Amino acid sequence: MTKSVAILGASGYTGAELVRLLAGHPEIEIAALSAERKAGLEMAAVFPHLRHMQLPRLARIEEIDFTGIDLCFCALPHATSQEVISGLPRDLKIVDLSADFRLRDPAAYERWYGRPHSAPEMQKEAVYGLTEFYREEIRAARLVAGTGCNAATGLYSLLPPLMAQAIDPDEIILDLKCGVSGAGRALKENLLHAELSEGWQPYAVGGAHRHLGEFDQELSKAAGQEVSVQFTPHLIPGNRGILASVYVRGEARDIHAAMTATYRDEPFLTVLPMGEVPSTHHVRGSNHVHVGVVQERRGGRATIYTVLDNLAKGSSGQALQNANLMLGLEETTGLTLAPVFP
Amino acid sequence: MTKSVAILGASGYTGAELVRLLAGHPEIEIAALSAERKAGLEMAAVFPHLRHMQLPRLARIEEIDFTGIDLCFCALPHATSQEVISGLPRDLKIVDLSADFRLRDPAAYERWYGRPHSAPEMQKEAVYGLTEFYREEIRAARLVAGTGCNAATGLYSLLPPLMAQAIDPDEIILDLKCGVSGAGRALKENLLHAELSEGWQPYAVGGAHRHLGEFDQELSKAAGQEVSVQFTPHLIPGNRGILASVYVRGEARDIHAAMTATYRDEPFLTVLPMGEVPSTHHVRGSNHVHVGVVQERRGGRATIYTVLDNLAKGSSGQALQNANLMLGLEETTGLTLAPVFP
Amino acid sequence: MTKSVAILGASGYTGAELVRLLAGHPEIEIAALSAERKAGLEMAAVFPHLRHMQLPRLARIEEIDFTGIDLCFCALPHATSQEVISGLPRDLKIVDLSADFRLRDPAAYERWYGRPHSAPEMQKEAVYGLTEFYREEIRAARLVAGTGCNAATGLYSLLPPLMAQAIDPDEIILDLKCGVSGAGRALKENLLHAELSEGWQPYAVGGAHRHLGEFDQELSKAAGQEVSVQFTPHLIPGNRGILASVYVRGEARDIHAAMTATYRDEPFLTVLPMGEVPSTHHVRGSNHVHVGVVQERRGGRATIYTVLDNLAKGSSGQALQNANLMLGLEETTGLTLAPVFP
Amino acid sequence: MTKSVAILGASGYTGAELVRLLAGHPEIEIAALSAERKAGLEMAAVFPHLRHMQLPRLARIEEIDFTGIDLCFCALPHATSQEVISGLPRDLKIVDLSADFRLRDPAAYERWYGRPHSAPEMQKEAVYGLTEFYREEIRAARLVAGTGCNAATGLYSLLPPLMAQAIDPDEIILDLKCGVSGAGRALKENLLHAELSEGWQPYAVGGAHRHLGEFDQELSKAAGQEVSVQFTPHLIPGNRGILASVYVRGEARDIHAAMTATYRDEPFLTVLPMGEVPSTHHVRGSNHVHVGVVQERRGGRATIYTVLDNLAKGSSGQALQNANLMLGLEETTGLTLAPVFP
C-alpha cells in the first residue's frame, strides 16, 4: 500500500532532492510540502526543474493536516527543526535532515551549537541516521537524525578500520573537499558564481566545524575511547560531491580488509581494488559511495579516499533510505539511479 | 517479457548515457556492449560511474552473437555506422544514433558529409527519429535514425508554428548555445577544460554545420516549400544542455497556440506560459523539453526559446523512447527521471 | 606629474577592477576609496586579492576631501549616482560607470529607468563614453558616462557598418552571451554558483533590457534614422566576457571593409580576417575587443561576432581609457595588459 | 639597455604565460619563439589571445640564431629539455622550466624519472629556482632550474618553520589541490571539460608524484636530516591555482613567527594574520603567494595553508623573476600585475 509523506522545508536543495528521488519511488506519494516564506507558491515556481510533477502547493506548516501521513521529512534550518518537531503528532515517523538531533549529549549539543537544546528528551530518543551502522535501530525508530554530509563521508572512511583496530585512533587527519550545494541556498557573497568559480579555499579551520561533534561522538563510540580527529573542509568550485582524504596510521592491507568485510553486502558502498582511488564524478546524482585505500611510501601510514554526493547519500538519499526502513519498504527503493556522467 | 538489447559503441558518452537510462528500465536487459579499441575491458574501467551495475564485458562487434537480441543501439561514429548496420541481421531492430540515416536523399547526404552513402537503400527505409512527429512510423520501423541534438532542439521550436503557418518560413534564424558533451569524447585541444572553461564562442559558422541538412529536409517538408534557415551553434562552458534562441516573424500568441496544441498530450514536452523562458538547468539529466515563446517589441516578431539535454532527449533518451515504441513497450518506461538540480 | 583620483563605490566588481588596472598605471595614484556599507574597512578585507597594494581605507563619501583630486570614478548604483554626482565639486572631472548619464533625452531616461532624472542639466552635459566614437568630446569633457557593457559590445559590432550604410538598419538582431560578473556583486539566488554553473538561459527578453535605450540613441544617431533593434541577453556560466552574435542584412565583405576602415588605427580593436570568429577566452582580463564577420549561406545576410571583457573594456577599462584622455595622459597607459589564458 | 630573450617551447601554457608577462616588461624583448610541431605558424594562430602583440614567428630550435640573445627560457617537455640545453651556446643564460635540472643527485633523477640523466655535469651546475631561498646563487647562475609548481607551494609552506625548527620534520603531510593547467596542454581524456568539470579526485597517490624528489632534496637540506614527507595532489575543476594544506606538528605561533621573519621583506610573499586562510582566487594571474597558519584544537598541531598561481609564481612568473636577477634587472619588473578577480 502506498505510503504518504510530507516534506517540511521543501524550498531548499535537500527538499528539492527528496522530491527528485521520490519522483521515481513507486510506493511513496508526497502529500504535503511546506516552505514558510514561499507558502502559497507552486513548487514549479521555486524549482522549475520539477515542473513536470504533480505536487501539492507549498504551505505553511500549521496549514498541513498530518492525518494519514505516515512519515515526515524535516529539511528545516537548525534550531527551527527542534521547535517544529517537538510540536508534531507523536505517532508520526520523522526523518530530520537538520543537525538538531545528531548529538545525543545535551552538553555536546550546547558546546557545538551555542545554545541549549529545546527538546532534550527527543534528542535521546533519536537514532543517528548512518544507515549501514544503525540499520536495526532505524527500522524501529520514530525519529531518525540524518547525519552531516561531511560526517557521513568521514565516518564511512573511518568506522570499519577503527572497529577492526586497524588504525591508530589518535592520529587521524581528515581533509575534505566539498561541493557548493552543501552550503545550501543561502544568499552569501562567497557562494556567488563570480566569487566561487575558478578558485578554492579552506573554511571552518582549526577545529571549528560543527560536524566535529558528530565525529567525536561516533568515532569515540566505535573506538571505545575518546577520539579527537583533526578535520578541515575545503570549498571546491563544483556543485555536488564530497571527497574525503583521510590520513591515518595503519597498514593499508588491514584497512582494506576491514572495509571489504564491513561493506561486502551493502548495496551502496563500493570498496575499490587496493590502491585505486575514487572521483566525485563517479557518484554524482546517485546514492553510491566509493572507498579507496592507498599505502603511503612510509610504512605504517595509509590514506583512505571516500566520495559521495552530499545531496544524495550525504543527506536526501540517506533520508529516503532510512524512511524506506522505517516504513517497512525495500531499503533501496527509489535509490537505484545510476550516477550522471558527464 | 524482458527484451534484450545490444549497444554498439558503448565507450562514448551517448553509449554511457544509454546504459545509465537502461539501469532504471524494468523491461530491457543489456545483452552485449561493444567498443573496438577498448574491447576486453569491463565497462567499469571505461566509465567508473557504472561500476555498480552488472554489465557484459566490452567486445568487438564481430564477437557478438545477435541471436536472441531484440534491438540494437548503434552509437558508432558517422560513416562507420552505415558499414556496420548494413552487416547486421535483417530481423534485428536498430536505433542508430549517428548521422548516417537522418537524410533520406542520397545527394543531400553526399553534399553534407562529403562522400556517397554506402547503403542508400537502407537510407530510404530509415525513419527519422523525432518521436513526437514520427511516432507511428517509428512504432513500425526496423531502422530508426536518431536526430542530431541541435536539429531536435531547433525542430521542436519550429515544426508546430511552421505547420500552423504561424511564422514566415523565409525568415528564421537559429542561435544555439550548446554544452560540451555534444562534441563527444574526442581528444581535441578546444575541448580541454583549460581551453573551454570560462569562455565561449561560435563554431561551424556561415551555414557550415551538418545539422543544416536535417533542418532543410524536415522544415521544407513541414512548410510544403523549400526552407533554408540560418543557424549558428555556440560552444558554452557547461557539460549538458542546448538552448535554442529562434528568431522568427509571426505573432507570439499564434506561435504559442500552435505549440500548445501540438504538445498538449506529449509526456516530455512542456510549453511554458506565454512570455516565460526556459533554462537548460531545468532539464539536465532528463528527457524533458521546455519551450517558451516571447513577443518582441516590434510587431510581427517573436522569439522561441527551447531547451533540452543533448545526451538525454537530444540523443540517448530519444533513442530509448523510440526503442520502447519499436519493442511494443510503454513509451516513457525508463525515462521518467526528474532533472538533476543543482 | 602624477594625477590623483578617487573611486566611489569601490566595493563592487567594477570598483575592484579599476583598482586592479590602476595598480599598473605609473601616472595615477588612488587618493580615496568609498563604500557606504563597508566604510572603515581596509580594501583587503573586501577584496583580499588587492591585499598587496597600499590603498586608502574605505570611507563614506562625505568623509572624502576632494581637494587635490583630479578625477573621480563613480562606480555607484544607478540613481544613487546622479544624486552623488550632482553634489560633487564643479571642477572635478568625473567618469561615471552607472547608467545615469548615458541617455541624453530625459524622456528616454524616464521611460527606461521608471523615474524622472534628478539632474537633467548634467545629463545634457555628459559625453557618451564609447571612446573610439567620442574621443575628442571625451578629451574635453567634465563628465563622461560609461556605456553599458552590452551596449558597448553591440555598438562596436554595428556602428561601422551602419555608418557605412553596409547593413539594413531595420533588420538587426543582437543575441548576447554574457558572463556573470556583469550582474555585479548582488546577492541573488540565480547568481549563486549552485544555480548558475552548468546551465544557461535568456533574461530580460522581449525588448525589456535597459541597454536598449542606449542602442536606440546611438544607432539612430549613426544611421540618421530611427533604429529599433531586437536584443536578447543570455546568462552564461562564466565570470567575464560578452559575446555578441549580431544577425544583419548586408554583404559580409562590405561590413568587413567598414570594420577595417574604422578600427584600423585603434589600439584595442582587432578585426579578424574575413570568416574567422572570436572567443571571449582571448580577451579575458584585457581591454581588447575582437570582431569577426561571416557571410551566411543566403546572399545578403551576414553575422558579426564581437567579444570583450565586460569588466575591462566593457566598464572599468573603458573608464580608465577615458580618464587618461580627460587627464591629458597617453590613452593606453595602464591598459596594455595581455589577456589571461587559460 | 633592453635585453633579448628566446622562449623554446612557446606553444604550451607556460610558454604563453611567459609571453603574457613579458608583454608588460619594459626592458626585455622577445627575439625568438620555438615550437617544433607548430613551427612556421604565427603565435596568434596557436594562442589567439596574444594576437595583438608583435611577436616573432614560431621556428624550429635549429633555425634560431642565438647571437645577441641574452637569455633563453626553455619550456620544453622533460627529457627533451636536457638534450636541447646541452646543445645551446655556453655563454647563453638559461632558465629551464622543465624538471630536468631540479635534482642535483643523478641517482635521485634516475629514480624519479626512470632514466639516467644525459647531461649530469649541467645537473650539478644548475641552481634550484626557488627565488626567495636561492637569490644570490640565481643572480650568479648560468642555468637555473625552475621548480615544480607543487614543490614551490609546499616549500613556501615548509622551509621557514623547518629552518626555524618550529615543526617536526618526521610528521609532515601535504594535501595539494591543483588546478588543471598544471597538467599542460596534453590531450588526455581526464583533462576534457566534460570529464573534469564538476568533479574532483586524487592522483599520483601513495608517494608516486615526481615532485617528491624535490621535496626530499630541499627539505632534507633545510632540516639538516633526511626528510620524507607524505604528499598527495588532487585535481580540482579550475584552471589556475594550487592550494597546499600542510598538516604539521608544532605550535602555530612559532610557525607564524618563522614565516613572518622569513618573508617580511619579500615582494611576493604575504603572511596572513594568525588564523586567517588564503584562497586561490586571490592570487590568480599574479606572482603573489599567500600563506596562512592555523592552530588545531589538539595542542602541538597546526596547519599551514599556502596558495599560488601554478602558471605564474609556480612556473613562468618564477622564471621571469629569476631571469630579471640573472640579467641584472630589478627583480620585480613585469611581475607587479594585480590578481584577476573575479
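The first chain written gets the first letter, and so on, giving A, B, C and D; residue counts start at 1 in each chain.
Just so we're on the same page, a residue touches a chain if its C-beta (ideal position, glycine included) is under 8 Å from a C-beta of that chain, and two chains touch if they have at least 3 such contacts.
If you're wondering where the values come from, they're calculated on a predicted model, not measured in any experiment.
Student: Report back the single chain whose CA centre is most distant from the CA centre of subunit B.
Tutor: Centre of mass proxy via C-alpha means gives D as farthest from subunit B.
Student: For the interfaces A-C and A-D, which has the higher count of C-beta pairs in contact?
Tutor: More contacting C-beta pairs are found at A-D.
Student: How many angstrom lie between the CA centroids of subunit A and subunit B, rounded to a whole number?
Tutor: 36
Student: Distance-wise, how many Å sit between the C-alpha centres of subunit A and subunit D, to the nearest whole number?
Tutor: Result: the chain centres lie 39 Å from each other.
Student: Roughly how far is subunit A from subunit C, going centre to centre by Cα mean, in whole Å?
Tutor: Spacing between the chain centres: roughly 45 Å.
Student: Among all residues of subunit C, which ones touch two or more of the remaining chains?
Tutor: 13, 180-181, 194-195, 197-198, 237-240, 278-279, 281-282, 284, 342
Student: Quick check: in the complex, which residue numbers of subunit D touch subunit A?
Tutor: Residues 173, 175, 177, 194-195, 197-203, 205-207, 212, 228, 230, 232, 234, 236-241, 243, 245, 247, 275, 277-282, 284, 294-298, 301, 303, 305, 307, 342 of subunit D touch subunit A in their complex.
Student: Taking the touch rule as given, give the residues of subunit C at its contact with subunit A in the complex, in rising order.
Tutor: Of all residues in subunit C, those touching subunit A are 13, 180-181, 185, 187-189, 191-198, 237-239.
Student: Can you list the subunit B residues touching subunit A in their complex?
Tutor: 13, 16, 19-20, 23-24, 47-53, 180-181, 197-198, 239-240, 270, 278-279, 281-286, 288, 290, 311, 336-342
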